[in-house]
Amino acid sequence: MTRREVLKRSGAAAVLLSGGGALLDACSKPGTVSSGGAHANGPGVGSYWPAGSPYPLARQDAPVTWKLWREPIKSGLAPEKGATLQIYNWADYIFLKVVKEFCAAYKCNYQITTFNNMDEGLAKMRTGQLQFDLFFPTPDVLGKLITGKLLQPLNHSYIPHLVSDVWETYQNPFYDQRWHYTVPYVTYTTGIGYRRDLIPDAQIRGMSNPYEIFWDTKFKGKIGIYDDYREAISMGLLKNGLTDLNTGNPKYINQAQQTLISLINAVNVRTSINGVYIGIPKGTFDIHQAWSGDSVTSWQYTPVQNMKTWQTLGYWFPADRKGPVFNDTITIPANAQNPVLAHHFLDWMMTYKNAMLNFSWNGYQPAQRQADPATLTTTKGYYGEPYVFPWLSDAVVRESDFHTGYFEEELTPQVDQLWHNAWQAFNSG
Amino acid sequence: MSKTVSERPPVDRRREGPAPLARSRSTKTPLGWWRNPWRRPRILATITWGYIAWSLLPVLIAIGISFNAGRSNSVWQGFSTQWWWGHPQSNPSGALFVSPELHAALLQSLRLSFLTMFIAVPIGVAFAIGISRWRGPAPAGANFLMLFSFVIPEIIIGISMFLFFTYLLKFVHLGTGAQLLALVTYQVSYPVIIVRARMLSIGREYEEAATDLGASPTQAIRRVLLPLLYPAILVSFVLVFADTIDDFITVRYLSGGSSTEPLSVKIYNYSRGTLTPAINAAATFLLFSTLVIALLGVFLYRRITRGQRAEAQEMTGYLT
Amino acid sequence: MNILPRRRSRDEASGAWYPRWYWPGFALPGTLWLLVLFVLPFYVVISIAFGTVDPVFQSPLPVYEPWWWTKRYLAQEWHFATGEFRPVELRTIVYVILATAICLVFAYAVAYYVARFGGKRKGLFLALLIAPFFISYLMRMLSWVELLQPNGYVNSVLTFLHITPHPINWLAGVPFTVVMGLVYGYIPYMILPLYGFLDRIDQSHLEAGRDLGANRFWTFLRVTLPLSKPGILASLVIVTLPMFGDYYTNNLLSGSPKTTMFGNLLDNSMEATGQGPEAAILVLFLVVFLMIPMLYYMRETAKAQRNQ
């Protein structure tokens, strides 16, 4: 699979490797672990800590501060020489030119290993077969990673550009207060991608509930949603006017499930992962649930490369900026062989110049202060085109979105099961 | 309104010959044509040729598309080799022989196929020989096992192998080793079936003749049975190679990362999304390498059986 | 029927001395391999199906000791199997039956023609019929995906011949496409065994039927068809059983939940999170389901062999 398909394939991401020593529990009933003992000894501090969960769950209104389970590396160390930087990332999610420039500057080699979904990523991390220097998780699996001691705390002295270049909110994100373990990678919103020549902008913006465009039978057979249970059911919830994208209320989930199932009969909906940047330019889809970055970059995939075809690509996000919003993170695994180099790489990615170069190729917007959202549609990027075409202005992410937007965060196992059941029911047709 | 028999003028058979065929017996009328038991089977022939065209034409078109000058996978836009070794514009995966990712996948495909071929076929042939001659209740169980592993949907083997290697045999890391073990497990029944079918038609006479003439069991097998089985063994090699190089179900679950994904998995991943003629080029290359191995097999077969054919000619020459 | 007096075993009659372990020795590597790498993984699958999950990572924890097995996930999945999954199960069965029936009709026709009327061109026919074995399933499906695109050649031909007024979207969850895809994919596996069996039918049997007064239709029905029954059974087993686990045909030819097959449930649970026990249980369901026709087939062939 290519390019940043599944950013969040897991709500409560599971790893397909058991904890070590399972075989040694032959004498005791398996699965019993002394979890949730005294919360004071837990891996972090947060006000939302459901019973039975080994760690607090991060929410916007219940931020989590993770404890340092070991000391970060010392300050002032020299970067490792002649090293090979091991990057573990989603497939096609980072511009190779940026990595090459870093390696030229720090005289190192690089090797990128990719995963297709977060399960796979976590599984490989836990085996310890390869010691990665950099790992790009979504924030909702941080609890697992930190409780499992798979990440190392960061030494901020190596990463001054986060303070100077990155949005202020990321110095204290709710999922990792005081950025002990993470730096933000890219931000995105989830909206609707559509063909501007078939649906005028004014039409979709004039609708009282634009999510209803998915039910427009005029485009029967050409409508798609993401093959991701969190995104799809969230769309159902939003269409029904609900805003809690982490709800455990069976009634709401059921409603969303019925909403999605009605899509099948109404418009013959299909699921895909790259329907936005592959399908819409190609004509396979006319309307598709879209991540902002996918829409921004879809111009590179049109069969004919000219302004006229690029103008057919559209993106909608609620005008009041009340929709799904989130970001990815970069972390350093605990067993990294080149931690100093990794810290320098984090700083490299936080620098305005490199982050914007990545943006030109990636389409996903970095949280850079100097990237004035108002100018992104006019400033030209690496390829000589604006970072974001003017007619895709809804895809621009603003810092304020993180106050108005909704987040898809980690769920308790029971709630996650409810979501999975709803998704299965939809998928069974 | 024909006249009754008694009303018809008497026929002089000596002059006019035997009575002409009744209308329903004539092969020139439609009904007669239909009922003729010796007519050429035009309907079946049409069906067969139609099937062959339906079966092979889409593939030929797909091979053609790999030389497409544009980016479309469905419409011909002119001839070009850009997807094979050129530099197609704005293509994320690049041309087949140029892109490092597809290059690595290609090598992995060939590596897995050759290794599987050389492991699965000997085990399978030995099993076939053993099962055909073994007497007792146990062979039925082993036979059932082999047959079941042949017809079982591959996804079941894929999933159970994945769970097996990640939970029990953890020292086998996901990657080439695990893929190899799973592929051999899935393919080992293929040679068994081919060789057993051949052994059934050979019969036991040759071996018995050899042992009557004083050969030890091993000699009988090595010098009599195996040479007779060479065609079947060669066919097994080729078929196992063909099957493995196209396999994507098992190896997809067991790949240890992007670098151990063979070309077939890449084709599967890309065909669900980024369809470019480069995928056609990759699939055509797989087909091409299979053809090469098949031709090699035919060539080896003719060389090996050349001796047998020459001897057969000698013997018949001696007898006449 | 064997009317001769029972002889000593053939080995004794020929005078050769085979050690008792000789033939089993040949079969040993294969049997061991299958036991370790085919049967043992099923035990792991069962352990996971009846196991539990790791509290931190929600990963499945296999429970190898039978006395600790929990039925929790089994009960849950059984609830699904009889509830939400029922449309999928029914649909899979319908697709497989349809596809197999179509395959059988055409495969038999082609095999019959080549076996009986192939004549001098039998080699050529065989080469053309074996060709699909060398072409990967993916490539064959891919060719159709490209032909069935809205702007592909199928639609061009259909609109040119005015069979359809405007291009049809064949790849948007059309059950016809999926069933035809299954037929296209599996029919070569049916033709070859059928050909093998039909080839072996002695022409004299058919002529005897003709001599006794049966016309073509009855000869076929009373002579050819019963003689080819083992061939039909074998080819059915080779084609139908793998079709139950097919998921990629649906994935490639239709992205819609309307045509989900059972194999898709398996594949989705592998890619989803926290669904380890579910994947294991679905595997077990499918294996148990497929054992039944398998055992029936073994019984039939054993009976046929005894009758010979």
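Letters A, B and C mark the chains in the order given here, with residues in each chain numbered from 1 onward.
Just so we're on the same page, a contact is a pair of C-beta atoms (placed from the backbone, for glycine too) under 8 Å apart; a residue touches a chain by one contact, two chains touch by 3 or more.
Remember, predicted model here, so these are calculated numbers, not experimental data.
Enquirer: Of all chains present, which has the mean Cα position farthest from that of chain C?
Expert: Result for the farthest chain: A.
Enquirer: So which chain ends up closest to the centre of the protein, judged by Cα positions averaged per chain?
Expert: Central by C-alpha mean position: chain C.
Enquirer: Taking the mean of the C-alpha atoms as each chain's centre, how many Å separate chain B from chain C?
Expert: Going by mean C-alpha positions, chain B sits 15 Å from chain C.
Enquirer: Just give me the whole-number Å value for how far the CA centre of chain A lies from that of chain B.
Expert: 44
Enquirer: So, what's the distance in Å between the C-alpha centres of chain C and chain A?
Expert: The separation of the two C-alpha centroids amounts to 40 Å.
Enquirer: Return the residues of chain B touching two or more other chains; collapse runs of consecutive numbers into ranges.
Expert: 72, 162, 167, 272, 275
Enquirer: What are the residue numbers in chain A that touch two or more other chains?
Expert: Residue numbers touching two or more other chains: 16-18, 272.
Enquirer: Check each residue of chain C and list the ones that touch at least two other chains.
Expert: 60, 62, 151, 276
Enquirer: State the interface residues of chain A toward chain C in the complex, per the touch definition above.
Expert: Where chain A meets chain C, its residues are 9-19, 22-23, 26, 29-31, 33, 35, 52, 54-55, 117-119, 122, 126, 144, 147-148, 221-222, 224, 229, 264, 268-272, 283-284, 413, 416-417, 420-421, 424-429.
Enquirer: Over in the complex, which chain C residues touch chain A? Could you list them?
Expert: These residues of chain C touch chain A: 51-65, 68, 80, 84-85, 87-88, 91, 150-151, 169, 171-173, 254-260, 264-265, 268, 271-276.
Enquirer: What residues of chain C sit close enough to touch chain B in their complex?
Expert: Listed in rising order, the residues are 9-10, 14-18, 22-31, 33-35, 37-42, 44-45, 47-48, 60, 62, 106, 109-110, 112-114, 116-117, 125, 128-129, 131-147, 149, 151-153, 184, 187-188, 196, 210, 215-216, 237-238, 241-248, 251-252, 263, 266-267, 270, 276, 279-280, 283, 286-287, 290, 294, 298.
Enquirer: What residues on chain B touch chain C, complex-wise?
Expert: Residues in contact with chain C: 35, 37, 40-41, 44-45, 47-48, 51-52, 54-56, 58-59, 61-62, 65, 72-75, 123-124, 126-127, 129-131, 133-135, 138-139, 142, 144-157, 159-164, 167-168, 181-182, 184-185, 188, 192, 197, 204, 208, 211-212, 217, 220, 239, 242-243, 245-246, 248-249, 253, 264, 267-268, 271-272, 275, 279-280, 283-284, 286-287, 290-291, 294.
Enquirer: Which residues of chain B touch chain A in their complex?
Expert: 70-72, 90, 92-93, 162, 166-167, 170, 173, 256-259, 269-270, 272-275
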